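What follows is subunit A paired twice: with subunit B in the first complex and subunit C in the second.
For the complex of A and B:
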């Protein structure tokens, strides 16, 4: 029987790449295939996930298959990819350009630089197949040298089913579920996420349209990015919105669900996204989505929300107002987002795409 | 339900409406601090240029408009000459402001970045300082202990020499042997001290030894008729762990202090030399023989003799487990091995595998254990050099050799 190893540098809860890895594992397992997850940093207590050093005990024959998830520089993984004699498929999640991190975090610059350099190598290895989270990622993969005939779009598996079944955190519901309009954004606090523009847009909305509003930014605050985070805090203080803008830091799934439940609208002004799973999560919960359509964002939202081609804070503020004040618009966008999710991003649909694409190697 | 085309059209119409509203309303962003500065500059620029453009006078009749335009043009030409320097000055000041604001913004970002770099460096240095302080404290402890032990040893040797020279004829051979034995055992407490300081705490060692329990259980030994013998049992962590898992075990050690400590814990430990103890055992009487950090304390010839005896006393299916420092790790092979002055010689894993096989053990397996924590390794450098460096310096510090009797 063919052995399938899914490889990733790190596996943890609440991270989009890990959700995709676990989703793939479950789907392949359902097919009664011999599947294993191999990672270098394992932050999940699960005996089925093994250290990458043991992969050669599992992948022994040419007919065996590696599904390699690429999103950052990973020397060990690349080494294995080039040395093991078996079939190989890449799952590309996009690498953030290092330029965003210069001056803020040497580690992030190095990791992203490594990711880009290794993307160049991986794209030119002429492997069996290159699966990409989005059209944007696929175009990048082809531009780096991968054959277009071997490139496919397979959206990442998500955790939404589980999220919907979870009990929310009542403390959060009680704290924020008041008369204020909650504007939600989800994503790690990093320079590529464009939070400065979101904060400014919110400031305008709050000042001109609705004093009783709040911006909630849910996402991990990495200690190595403390200079950038301080910069954001300074900005918030400078414009005088300390009491209306909340940075939650890293949250668990129950807390994340609670923030989605209290959100009136989901706003995103990110400059770089390989797919952006939080958009799909918001759409699945019928929360109207508005965004700046950089990189893969427009593809992910499609006609499930309002996407602006330019990052004009006046437009973002006015759009928030339009959605919040008009019940028709609010419900229409909620439905549109939900349809977008239902027709394109349920795990069932992704499973069909995934199996039809990689079927011949199973 | 709306069709995809309807949805698209609805959203496009909505976007058009929002865009119209934004265009017709005054710029919302005027009041934001930076935008405010730019707005002031833009206004100032309009005034700085006044006098340059001739008004259109559209509301006037044609002949009057022509006359006014001619007069204004003339007036402006004159004014231009008079105010040319003032306008230049105004525009230059505005440009200077713009450059300063841009510089200020980029400096703000750069200073934030420099602060991160500075903070990172400071925390690295603080960490180094902390580690060095810990090392200094540990070394001070060792030096104090060694000073004390040396003084005591010197005193004892003087006493012994005194006794020997003063009344050698009165001291019997057996009494001399006893005295010599006492000298050897003077090092016992030093060894306990070394073990406490360098090997790790009792709980840590027990945690590390957990890895061997499945191997023992799989071999179905440790029963009454297949007991386990731990040679050089030291502080007895392994014996304790075996006992907790209802496995029958006995320990051997030459160190009087350690034997006493083990007995106080209720462990079955005998003070005896390993080879002579094994020689007194009958064939096929043990389930397993273990030795953690034992074989590096003796010479090669002793090791061979020991293995031959172990093979004899093991039951078929029984096994031997020897854990020892891994000289394949450069730090272990060149330095850490010698922290224990009772260590004899580092033993590379291929040699031990070969020796076990040559002595008649089967299915000999080497497992590498206890690599350094990630914090010590070079991170975020994906070069081959860093990888090799990490492997050589911070790879496994110990290994275990396991062999079975068929």
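For the complex of A and C:
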């Protein structure tokens, strides 16, 4: 029987790449295939996940398969890709360009640079297949040298079914579900996410349209990005919105769900996304989505939300107001998002796409 | 033969419930002209929605009942969300004007849906079925507003096929604004009574719809032969149906006005009934037995403030039994006032006076009975309801 190793530099709960890895594992396992997850940093308790150093005990034959998740520089992983004699499929999640991190974090610059350099190598290895989270990622992969005939779009598996079943955190519901309109954004607090523009857009909305509003930014605050985080905080203080803007830091799934539940609008002004799973999570819950359509964002939202081609904070602020104040627009947009999710991004649909694309290697 | 689907949260002969009875009634009315499928869950109990019945098809009385397993029953913590909703409801009500539309609870959609979803019963398989097969039906009738089978189900089928039977009554969850949105998604709304229609318009605005209601059994039954005079209540014996107050009032009445009068109760009991010979609990009784009990009762009592149609009140009227009803439910008030088939009470004194008046004035009581029956025959005979329903469905071509 073919052995399938799913490889990723790090596995944890709550990040998009890990959700995709675990989703793939479950689907392949359901097919009664011999499948394992191999990672260098294992941050979840699961005995079935093995250290990457043990992969050669599992992948022994040419017919065996590695599914390699690429989103950042990982030298050990790249060495395996070039040294192991087996079939190889890449799952590409996008690499954030290093430029965003200059002046904030040398480590992030190096990791992203490594990711881009390795992307150039991987794309030219002429492997069996290149699966990409989005059209944006696929175009990038082809531009780096991968053969178009070997490139496919396979959206990442998600955690939405699990979120749906969780008990919410009632402390959050009681604290934030009040008269204020909550505008939510989810994503790690990093310079490519465009939070400065989001804060400015929110400030306009709050000042000119609705004083009773709040911006909640849910996402991990990495210590190595403290310079950027301090910069954001200074901005919030400078414009005098300390009481209306909340940075939650890293949250667990129950808390994440609760922030979605109290959100009236999901807003995104990110400059770079390879897919943006939180958009799909918001759409699945009928939360109207308003976004700046950079990189993969427009393709992920499709006709399920309002996407602006320019990052104009006046436009974002007035769009929020329009959606919040018009009952019909509000519900229509929520339903449009849900329909986008239902028709394109349920795990059932992603499973069909995934298995049909990689079927010949199983 | 064209297909009609009726979506209802549960369907089984053991189930007692107004909307469930209405779904079954519509299915039976339509089965001669259409191939009727009842789409429902495997649940029977409405407190937890556990999977009890087998999944799959059952043919009953010529109707195909398709049962789908419940994937989300009542969540343990649903009461906590419910409490937040009640707080919000009271908060909005205390601030708002008398306009009902201003009282809508404008929670974010995701939170409103969490309340509906975790209330249960939700069935992934039923939703998949509606998505895949909804197009095959000429019309899909969704019964009762509050439950996830209706709310979420309506998003899975083409809007042009939706007939919505909300069975509205004035209770806090109905003020969630998402219900207004799903009501707008329907092609037509069928109301059970004029008062429900008025309430719906005040709450959701003007929407396409008409009053249809249910047909009521009008064949006269022989009176049940009990060895004592009795007041009858039929339906769920529940605090929300006003039954705790009914029992308190009745026991006080017996102290104030001693006699051999008893209170007879039929239906699912969800309260602790006092042990006394004055209160006779008969549990769930067959339809025939229920009509006989109605026919033999001195008074049919309706204490519930939460009725959307109150079929039992109409059934008792059809058996010429005078009605004594609390003035808490718009629809029951409408039945009593339009028919002159009974009296309304408010508070214990009204309750006591009402009973004594009916028991002591045989001629007036008989007259109420006659008028009640006339009202039911005129407005709720089965043929008339069938024609209204069929005309609406035919208009979908």
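Methods note: the second predicted complex is superposed on the first by the 362 of 362 C-alpha atoms of A that agree within 3 Å, B and C clash if a C-alpha of one lies under 4 Å from a C-alpha of the other, contacts with A are read in each partner's own complex, and residues count from 1 in each chain.
The rule is simple: contacts are C-beta pairs under 8 Å (C-beta built on N, C-alpha and C of every residue); 3 or more make two chains touch, one makes a residue touch a chain.
Predicted model only: the values in this text are computed from it and were never measured.
Participant: Name the contact category of A:287: first (subunit B only), second (subunit C only), both, or neither.
Facilitator: A:287 sits against subunit C, while subunit B stays out of touch.
Participant: Counting only touches as set out at the top, which of subunit B and subunit C does A:114 meet: first, second, both, neither?
Facilitator: First partner only.
Participant: Is A:239 in contact with subunit B, with subunit C, with both, or with neither (first, second, both, neither)?
Facilitator: first
Participant: Compare subunit B and subunit C by how many residues of subunit A each one touches, and report the one with more.
Facilitator: Ranking subunit B and subunit C by residues of subunit A touched puts B first.
Participant: Is A:13 touching the first partner subunit B, the second partner subunit C, both, or neither of them?
Facilitator: In the superposition, A:13 touches no partner, neither subunit B nor subunit C.
Participant: When the two structures are overlaid on chain A, which partner does A:164 contact: first (subunit B), second (subunit C), both, or neither?
Facilitator: second
Participant: Just to be sure I read the superposition right, which of the two partners does A:335 touch: subunit B = first, subunit C = second, or both, or neither?
Facilitator: both
Participant: Touching A:322, do we find subunit B (first), subunit C (second), both, or neither?
Facilitator: The first partner, subunit B, only.
Participant: Name the contact category of A:306: first (subunit B only), second (subunit C only), both, or neither.
Facilitator: In the superposition, A:306 contacts subunit B only.
Participant: In the overlay, answer first, second, both or neither for which of subunit B and subunit C A:203 touches.
Facilitator: First partner only.
Participant: Overlap the subunit B and subunit C contact sets on subunit A and report the shared residues.
Facilitator: 335
Participant: What part of subunit A is in contact with subunit B in the complex they form?
Facilitator: 73-76, 78-79, 102-107, 110-111, 114, 118, 200, 203-204, 207-208, 224, 226-228, 230-231, 238-239, 303, 305-306, 308, 312-315, 317-319, 322, 329, 332-333, 335-336, 339
Participant: Please output the residues of subunit B touching subunit A within their complex, sorted ascending.
Facilitator: These residues of subunit B touch subunit A: 1-2, 4, 7-8, 10-11, 14-15, 17-19, 21-22, 27-29, 31-33, 108-110, 112-117, 119-120, 379-383, 387.
Participant: Give the list of subunit A residues in touch with subunit C in this complex.
Facilitator: Those in contact with subunit C are residues 164-165, 167-168, 170, 173-174, 177, 182, 260-264, 285-287, 327, 330-331, 334-335, 338, 342.
Participant: Could you please specify the touching residues of subunit C with respect to subunit A in the complex?
Facilitator: Residue positions touching the partner: 72, 75-77, 80-81, 84, 107-111, 113-114, 117, 131, 155, 177-178, 181.
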